[in-house]
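Both complexes below contain chain A, partnered by chain B and then by chain C.
After this line comes the complex of A and B, so read on.
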């Protein structure tokens, strides 16, 4: 069905701006029809990586291959890598249809055909009736869809997106996530999506690339990144994780004086990660091992409520509960609770 | 709820309103009125006759001067816009911030010196036996007559308007959202298409304002067509001077002036309308 050779290959790609190393030794393969999210904090090199793919930045060294062709010397306008900007970068001096037609016009498509194709895409994006509007007459969500139509009308084999949803209201973000995943499935093309929002990345991507300080910190499926972060950076970046330090001795880890089962871990000091939604809260000290912690605050987080605690060593602990659980627990700042987890919920951070 | 403007706010606006009223609107109305006055025995008498208008608008020398002036101003505006653009483009997109800052500073420096002084300098440079012809002579060419010609006048106009046009163009080009340019390239536009289809439309307002300034300044200029153009053919500004000198014909000169101002109003209004025109 799909060609097994990757669509995009980054090989030893480096990019420096003066003394600043934006990207250090990047090696990455992106498959055909894959939805890849590149995620990381500001300045981690994710946008630079995307811009190098589009040809808007040239790598300082290394090669980028698209569809078997080395791209280093291919100018921007000869690439088939349409990008959706964070600012959308719609042309304010052109109307909606003219914006969508732009790419076809540059490729020399005849006026009648490009008009037809532009109108088809506008229709598909739910913009029928807005064909002759000026860009400044559209809402944020409508502009977003014009930008998508403008990039997709040329039927590219991949679409690059640079934080396209970051300027939208929360309810629109969820809707646009639906639009994007549906589009990607229908078109079967590769999406490379740069974001700092893990909810966007985890909701849409087949594979997530976490970058930090110009390097890939971890590549994996959203579940893997969330449940099994490979290092402290990823664990912290993903949030909603408890990072606990302890000492392992014979499949037992001792944290704050309590012994928890941790099968298969090497002896010595380690860090483990327990996801907030795997943390159990007890109002009274359980018979099994548990960490005593003081309730600090709660936060509504879409799918549930995150309770924040402070352990005896001053460490921050998080546990996700439902609203009814919260009602039963009746937490108040300063109240003591006990936190525990099932042995399979703990994941040892490598290194 | 309409906010009442306080006396305090009016007090700050008043100086400008008074100034414009006393020294722009007032003289303008006086000049329009004067164009209907009569001159008897070399003295003006207030009246309301169309003699001056009739006389000026039916004479070929007026219309010749009018078209020469209009054509030269148009040519100067086109020439200045075209000559300025590559420099403005380089300053806006290629130069570093430091270079751009210095360049803008050096573009302001010419205004330190009186325009008249700069034109005298050109008289020396462009003279038949001047340094420019000496250099050309080394190459075995010339000498060329550059003074007292259309070419001379055009050099003068460029001296007057080029720095300003470069500044206006540079600011409008530098203000373009860079992602628009990248988006054009990303969508398959080569550098030339990007320039014509995105950069020029996006900087349209500044480019048109630069053109209009060049037109207005050249259209009304007296110094260049007189000292470098040799008054031949006369422009409207020269015509005004000649008319006032010959027989104190201030009312006829007023006709010429009113025609000039009317032309500039039309051109400036049309240009600003075109610059800010929103497409639907």
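After this line comes the complex of A and C, so read on.
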């Protein structure tokens, strides 16, 4: 993030397709050199937002400015907003080098220079020796890198990415995430990355924009969104969160009859969020406040094991543990446990 | 299993024999020295080819047919491609009606189409001229060209064209550098097929050709006079020309679907 003027500004942007409002009143600023991920469930308007930025869709109302210039009437081919497509959209009748050269050719760069620049990018993406291959002779990861080289060869100030990793195998996704973050840091350009995958967005982005039903639900750093979701939609979408209902009176919240410290919260009924990895599991009732819950099941996730419980009020509770913790707890379905958390792990959501 | 496959091979061979026997017979007799098609065969000769192609009207007919086929194929393919692209790119009301209309010509009986063409072209002062036959054959060929191009466009990722715009290609340039190269096999195959349709076409050509006879029309006129082995010779040349075009078209269609 820089403190200069933003590179991209969406001002009161709306987009409808017939009666369907894909994007309702979007206001968003994207800084220079920033890695922004736009995330949300399908149909939330994230792809439409990206397509409006590329000029593939025109806003129904509102304005989009890039680098101070209003873009509403600028056609796609006059914008400098290369897009890495979900399908990659590499040209099957051109070889690897010709694909990468395409953008330069359209900009009227001389044949010698465009070849040199294309080869440099292929080298940089680790595709030396594949220059004359056909696209269908490449693996998924190689195609991905050709698509990146094709978009970046024109040295744009912004790269748009539309779920580019969704077609890759899990191990390749992690590797490509590394490639993308490194590339973005090295080039210092803006990346706008659309995804439905929380792990991709949180792993790479400086700032995450969560969209739901055509509106921005929350903007913030990955940590902020993870620890302090502003509303129930975000808390649920991010997952691995416990959403608990209780009543606050004088810095104390009462949940299922137990009193927990909750400093600084206004009195009255509220919802709080406790992340699964901040939830502590006790095999016996602790002296401090805790929620009694019945063990339901466990799930092996990449970073640990998520244990699912059912509280006395029927609410679902999740706690993340390590494998050794799980061995000590020896949970069985129906066995009672007590769940508690440190006061600073609880976060009040607005509504 | 073995016997089963042997039987199916025999069946296929029999089927091909049944379909191609008349044509092969005609080819064989075109090289036979006897005046009448009888067995046993006479001697091998190229006499009928020599006499047939020493007649200037045969050359004129071939020249007419080639001009008509080559031109009608250009127009049919262009129209067919444009129609298929419109279907691919745009959604609009009455699109189904538009497509049905575009695919209508092959469903009209040829006699009716021939009569209608004659009446219409006569008003335009084009009946009996080569442009008149070209127009008629363009109408007949365009639906085939459209079907072939449409098949190819269906295999195209719609992001491909948008990717070209996104990389700085204007809509026309994207058409030239992406859509047409992608569809090239289909376009060439549509050209070959519509040329073959035009080259073989008799009924409509008979109505509108007047004095500018195409090969099929000329063949009928020779036949009306007498049975002459020259017909076999001319027929063989026509068959080989059409088959070459059709096989070329098929090869291109097969290759594009496999890649």
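Brief remarks on what is shown
The rule is short, and it goes like this: the second predicted complex is superposed on the first by the 347 of 351 C-alpha atoms of A that agree within 3 Å, B and C clash if a C-alpha of one lies under 4 Å from a C-alpha of the other, contacts with A are read in each partner's own complex, and residues count from 1 in each chain.
One rule holds for everything that comes next: a contact is a pair of C-beta atoms (placed from the backbone, for glycine too) under 8 Å apart; a residue touches a chain by one contact, two chains touch by 3 or more.
Nothing here was measured: the structure is a model prediction, and the numbers come from that model.
After superposition on chain A, the partners chain B and chain C are seen to clash. In the superposed model, A:132 lies in contact with chain B only, and not with chain C. Look at A:95: by the touch rule set out above, it reaches chain B but stays clear of chain C. Looking at the shared chain after the overlay, A:156 reaches neither chain B nor chain C. Common to the chain B and chain C contact sets on chain A are residues 54, 56, 75-78, 81-83, 85, 87, 89, 91-93, 102-103, 106-107, 150-151, 154.
Across the complex, chain C meets chain A through its residues 157, 159-160, 162-171, 173-174, 177-178, 181-182, 184, 259. Every residue of chain B that touches chain A in the complex is listed here, in rising order: 177, 179-180, 182-191, 193-194, 197-198, 201-202, 204, 278-280. Partner chain B is touched in their complex by these residues of chain A: 54, 56, 75-79, 81-83, 85, 87, 89-95, 102-103, 106-107, 132, 134, 150-151, 154.
Interface of chain A with chain C (complex): residues 54, 56, 75-78, 81-83, 85-87, 89, 91-93, 102-103, 106-107, 136, 150-151, 154.
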